[in-house]
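Remarks on the structure that follows.
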Amino acid sequence: MKIRDFCEIMERIAPRALAMEWDRVGLLIGTDRKEIKRVLVALDLTVPVAEEAIAGDYDLVLTHHPIFLEPVTAISPDRFETAAAYRLIRHGIGMFAAHTNLDAAQGGVNDVLAGLLGLIDIQPLPPENLGRMGALKEPVPFSAFTEMCASMLHTEARIVGDTNDPIRSVAVIGGAGGGDVAHVAMAGCDAFVTGEMKHHQALEAAYLGLHCCVLGHYETENIVLKPLIDRLQKESFDVQYFLTQSGNAPLPCPEGGTRNE
Amino acid sequence: MKIRDFCEIMERIAPRALAMEWDRVGLLIGTDRKEIKRVLVALDLTVPVAEEAIAGDYDLVLTHHPIFLEPVTAISPDRFETAAAYRLIRHGIGMFAAHTNLDAAQGGVNDVLAGLLGLIDIQPLPPENLGRMGALKEPVPFSAFTEMCASMLHTEARIVGDTNDPIRSVAVIGGAGGGDVAHVAMAGCDAFVTGEMKHHQALEAAYLGLHCCVLGHYETENIVLKPLIDRLQKESFDVQYFLTQSGNAPLPCPEGGTRNE
Amino acid sequence: MKIRDFCEIMERIAPRALAMEWDRVGLLIGTDRKEIKRVLVALDLTVPVAEEAIAGDYDLVLTHHPIFLEPVTAISPDRFETAAAYRLIRHGIGMFAAHTNLDAAQGGVNDVLAGLLGLIDIQPLPPENLGRMGALKEPVPFSAFTEMCASMLHTEARIVGDTNDPIRSVAVIGGAGGGDVAHVAMAGCDAFVTGEMKHHQALEAAYLGLHCCVLGHYETENIVLKPLIDRLQKESFDVQYFLTQSGNAPLPCPEGGTRNE
Amino acid sequence: MKIRDFCEIMERIAPRALAMEWDRVGLLIGTDRKEIKRVLVALDLTVPVAEEAIAGDYDLVLTHHPIFLEPVTAISPDRFETAAAYRLIRHGIGMFAAHTNLDAAQGGVNDVLAGLLGLIDIQPLPPENLGRMGALKEPVPFSAFTEMCASMLHTEARIVGDTNDPIRSVAVIGGAGGGDVAHVAMAGCDAFVTGEMKHHQALEAAYLGLHCCVLGHYETENIVLKPLIDRLQKESFDVQYFLTQSGNAPLPCPEGGTRNE
Amino acid sequence: MKIRDFCEIMERIAPRALAMEWDRVGLLIGTDRKEIKRVLVALDLTVPVAEEAIAGDYDLVLTHHPIFLEPVTAISPDRFETAAAYRLIRHGIGMFAAHTNLDAAQGGVNDVLAGLLGLIDIQPLPPENLGRMGALKEPVPFSAFTEMCASMLHTEARIVGDTNDPIRSVAVIGGAGGGDVAHVAMAGCDAFVTGEMKHHQALEAAYLGLHCCVLGHYETENIVLKPLIDRLQKESFDVQYFLTQSGNAPLPCPEGGTRNE
Amino acid sequence: MKIRDFCEIMERIAPRALAMEWDRVGLLIGTDRKEIKRVLVALDLTVPVAEEAIAGDYDLVLTHHPIFLEPVTAISPDRFETAAAYRLIRHGIGMFAAHTNLDAAQGGVNDVLAGLLGLIDIQPLPPENLGRMGALKEPVPFSAFTEMCASMLHTEARIVGDTNDPIRSVAVIGGAGGGDVAHVAMAGCDAFVTGEMKHHQALEAAYLGLHCCVLGHYETENIVLKPLIDRLQKESFDVQYFLTQSGNAPLPCPEGGTRNE
């Protein structure tokens, strides 16, 4: 299979038309004329992921986040912005990103996250329809909801709201969703599960009476990778997809926790 | 004492000239002609803080963060942006903010934070000199350092870096310091303590080999309030300063944690 | 009646959709949950108007001009930009503005002005349709027209054009309409009645052969207030509307005139 | 004398370095190689002034205001923006403007205005030093001051402030000075004489307690032309300067006034 | 015939609606009320063209390029930007430009150029449809094609591409067409004939395998003037059109060439 | 020798501080930790140059022009913007650019060009000092000067100006210097030698009476490469520098010319 064919499969899974206008998605490194056999799947193209791809004889890296937050004018193996991209090119490995299109897609980041948390009646979250909203099968106290979320994502939460309040309707936005606090409140949800929330966004949530459960950018997005691999594998007979071994959470809770109480 | 006199004391403690150019500091609500007797001190002017000020017959609220992230064109008690400001004005209570000038000031946010973590040889952190850097009395493993930080600030950490590595030199920036990861690495510090760090900033820190200990925006700034009150109280005979009872962390770790391990 | 109900009445009188895109109209101070009994109506929210509202136990001030020409970041009783707004909030009085929507509305500023000058066949003035144009019942010399205008608005005029020329068709734009000189000339009107006209706008009018009668910003807009009160009063049984006593012309001709001839 | 020599004389009278950065001054039409004998002096290059220059066999027109408020891309005798310039070029007549440099110059617009009103101890008005401030020989009521100003400039005033208040210190800015209300109040003047003031500028002046006497853009600037001619005539033996006959006030008070009282 | 009538004829030949949005076309100097008898036609309004128009008693100059690359704020006979315009106005001669509308028009610059090179099946060149594309009757080597082009336009070429390659399909854009190299390649043409091409545009053409034949801005546009005159002459009985004698190529190859080989 | 050492040598030859602010110079691809033995020198990093570097086992390519006219967000071997850069990275070859700093440097592009044309009393050309100006040993007719230039640079010229005029003082700007026509005329030079000149720049030169000799972007810059190699070779014992075999002029005159006269 050529990368060109892979691009077509991805277009069905996460159509480019779903991406935000500012986003950069698709084949970002290499040529679509290349034949591929092994694809490494990761949230980010970091240097360890690039080195794993090289060591493991991969032909393509598929990530959620694009390379180059800012457009570049030089490509150095010694600078954070370009170090991993340099390594991939150096070894002839391609790189493909599905970002906000994968957030919004059916079966994408937020669909998986909503499913993992057991939501039912799942619908797109207005106004951008990247996130999802749905309901718990039955109301649970926010404390129990928080524990369930943290447990499902194997991490710890930071929270906004009274832990005794009952939660029924829930919105989810994987990654940095804190800027959507007002949208979620306007959609009438009891709780909001996301990955990153800034201080003043938490103050706004508290003002709006919105319960929030903040679980880490990586932790709320990483869960899409396995279902994505399964789906890709079903559509590709001669290509094998592997989840990266190097893509650990960049900002984890320390093992055993840090609270001495 | 008039607010005018209070402003002069604050100018000695956190001179306006130390504030970043974009910042808004000083008397943001009310008139400096007003006589004051009771000052409420908080990190943010939230609605609960405003209501505490009203109920407690305070004359002035002193905060770290300015009101109005964006300039406003209307003032409503029903909108997050203006709800607390409306309540203060409604009850004739003033509001004064010391933000990046208090970050940078001697004895300010970052000096207090550095002291609390036991740093010695404390100096301003280039290039903006808002943060501080210094050394631990003796090297400790990053795991122990992280536990010490979390314990001192009564919270839990998220971290970047190997917990076995020894830490000696440390930089601190209270609040959202993640954008300074490269500055801290360039300053040669082993570890960086801050309040907020975005996903890609954590990836950059990992690339640079910088150990990070991320403890919460509120948790890394709130520690300045008591020393600030002490200092203000020493300079004011006829005014009393009180720490808010309503200014809890907006994004805390849930009591007892969320990890089911 | 609550302010919410008042807002609905005003929406029928001067629909928000008629306002220019840059304008700020509607409830600018306070909450629409408030019960109102007494409404003070003025062209501008000045400090004297605010003080009249406080002294007269008013619940709401209705004005033509919005507060805050520029968005604000602080609210002081001692600065022109916020002094009157501060006073209203301090006393729990709301403030509502109907600006370019009231200019454009049926029965609004320019309709009233056109009627007052005796125009017939009144239509919106292209291209923005804020102003109006119409005809005098019979042609009069520009000198007589000018005297009539000045007399109707109780002020004196500054003029462009030959006082002997006959005037039949007339355009009116209350307030600062000088920028529309070319639009009025293109609409084929003999004369243009407005409130403010800059020097080079007068030169352009002279070039275009357009007779202008400039009568003061306040004087050409203030005339809407009484008809507006009448209309509001008809729709509100339990609320009373009063015209401000403090809203004199800010830039009047001195009594008795200043010309020593 | 060539225009080049005239330019040198004007550079001594109103140096280019005094002009605001955004201004366009100097020779705006024609060539400095041209020999001149007759110069027509006017506030503005209007079509009647251009036609007077043509009929009177003038070689150069000297004005206060530049041509072309906005840079032009076409030159038509039928459009306001370029009609007069077209006529001058068509007849080989040059055009020279001294604008904000003449406002600021010693013996320029504002110096002449201050002198005409009998001010003593005249100094530049901060911060831009285009205007002037000084004192009356003895305090007079604002009503008398207003009458004196209107009489000296042969026009009528619009005013801000109580006519009974005594006036001693006065600031003057010919033309559109309303934007400097706060500067004048900060300079501590009792009264401000200028040519144009917008509605909200008048409200600000009233708030600041600044008495204003607004007399017309043309009326407050035109007074510089005769002294300027005298000064130029003294430095030029073979050139004759004439005041335009066509430069009447574009926005005068109607003769006999318009007030029916 | 008045210029107004001439404008109507030109509107049929090169409709304004075909011009690019940024372009300035139509009557750029003078009035459409003027009677004309003699029209001088040139590519540019240079000083020699203006002087020829004056000496030859012309009423109007018709050019391809507009005057004033940048809008002007002064009009001097001594500065390149305005020297020719000044001379025309001085002598009452009008000026009319048909620029990108003449490029795009049927029978315009690119239609004439395509025809001159013997192309068949001529169509607009996407995406802007200013240029044209078509086919040679039979393939010729690029060397022969280049010689034919240079010979037809009486100049010498600079080229991109192998001179032995066969050329069949050709795109043409008179003037500075180098920025369209990628568009031409995407349209599938073998060769691209234009007037100006920058260094990096030539590198891009080489990368894309596009043969280019660059013949001079003037040389590729000037060819429209005679056909345009013929067409205008047919529609105007009482006006005579003449091709300028002063409009030589501004950047010609020296006679006899410069290569010493 | 490491690339780091090579960078130091280049810093002496063409200091970064001489580059224009907008320019991108220095090591643009790869790491300065790399050991180098063979350096390929070319004007541009094109795909043929990259392939020559790969085939010839080069470690570094040194060019005059930077890669990436616009910053990039993806790196593809199939797109003009990134095709050559991709190939270099793929093969671990570095790339270093000295652009406007090499134009301005002593012994750089313009010094070499001035020397090649036999100029004496060579000085920097104001105001940017990238170019050079000097004198011919004795005046020659412009026709002879043009032939000499074309002959020295092995190309043909396009020219502005009368071929009979005598030339003594000359300015040179290799590459696209046409925008400096007014600067050169102001510097008082008789003739201007450059590589690219747009149509309206040639019209301006003709207006200013400036003789121009336009010889091709590549042709006027390429001449620096051999002297640069010589200089580099003298400072590097263990590195060999080679002039590219693939860097032909991208826009040459066809062999034998195209003029059929």
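The chains carry the letters A, B, C, D, E and F, assigned in the order they are written, with residues numbered from 1 in each.
Just so we're on the same page, contacts are C-beta pairs under 8 Å (C-beta built on N, C-alpha and C of every residue); 3 or more make two chains touch, one makes a residue touch a chain.
As the structure is a prediction and not an experimental result, all values here were calculated from the model.
Common neighbours of chain C and chain E (chains touching each): D. Among the remaining chains, those touching chain D and also chain F are E.
Centroid analysis (C-alpha atoms only) places C farthest from chain F. Of all residue numbers seen at the chain D-chain E contact, over half occur in both copies; the interface is built from largely matching residues. Taking the mean of the C-alpha atoms as each chain's centre, chain B and chain E sit 66 Å apart.
Between chain A and chain E, the centres computed from C-alpha atoms are 55 Å apart. Centre-to-centre spacing of chain B and chain C amounts to 48 Å, using the average Cα coordinate of each chain. In chain D, there is no position where the chain touches two or more neighbouring chains simultaneously. Note for the complex: chain E touches chain D at residues 24, 26-33, 66-68, 70-78, 85-86, 89-90, 92. The touching residues of chain E, when paired with chain F in their complex, are 44, 46-47, 65, 69, 80, 83, 143, 146-147, 149-151, 155-160, 163, 175-176, 182, 195-200, 202-208, 212, 214, 216-218, 250-255, 257-260.
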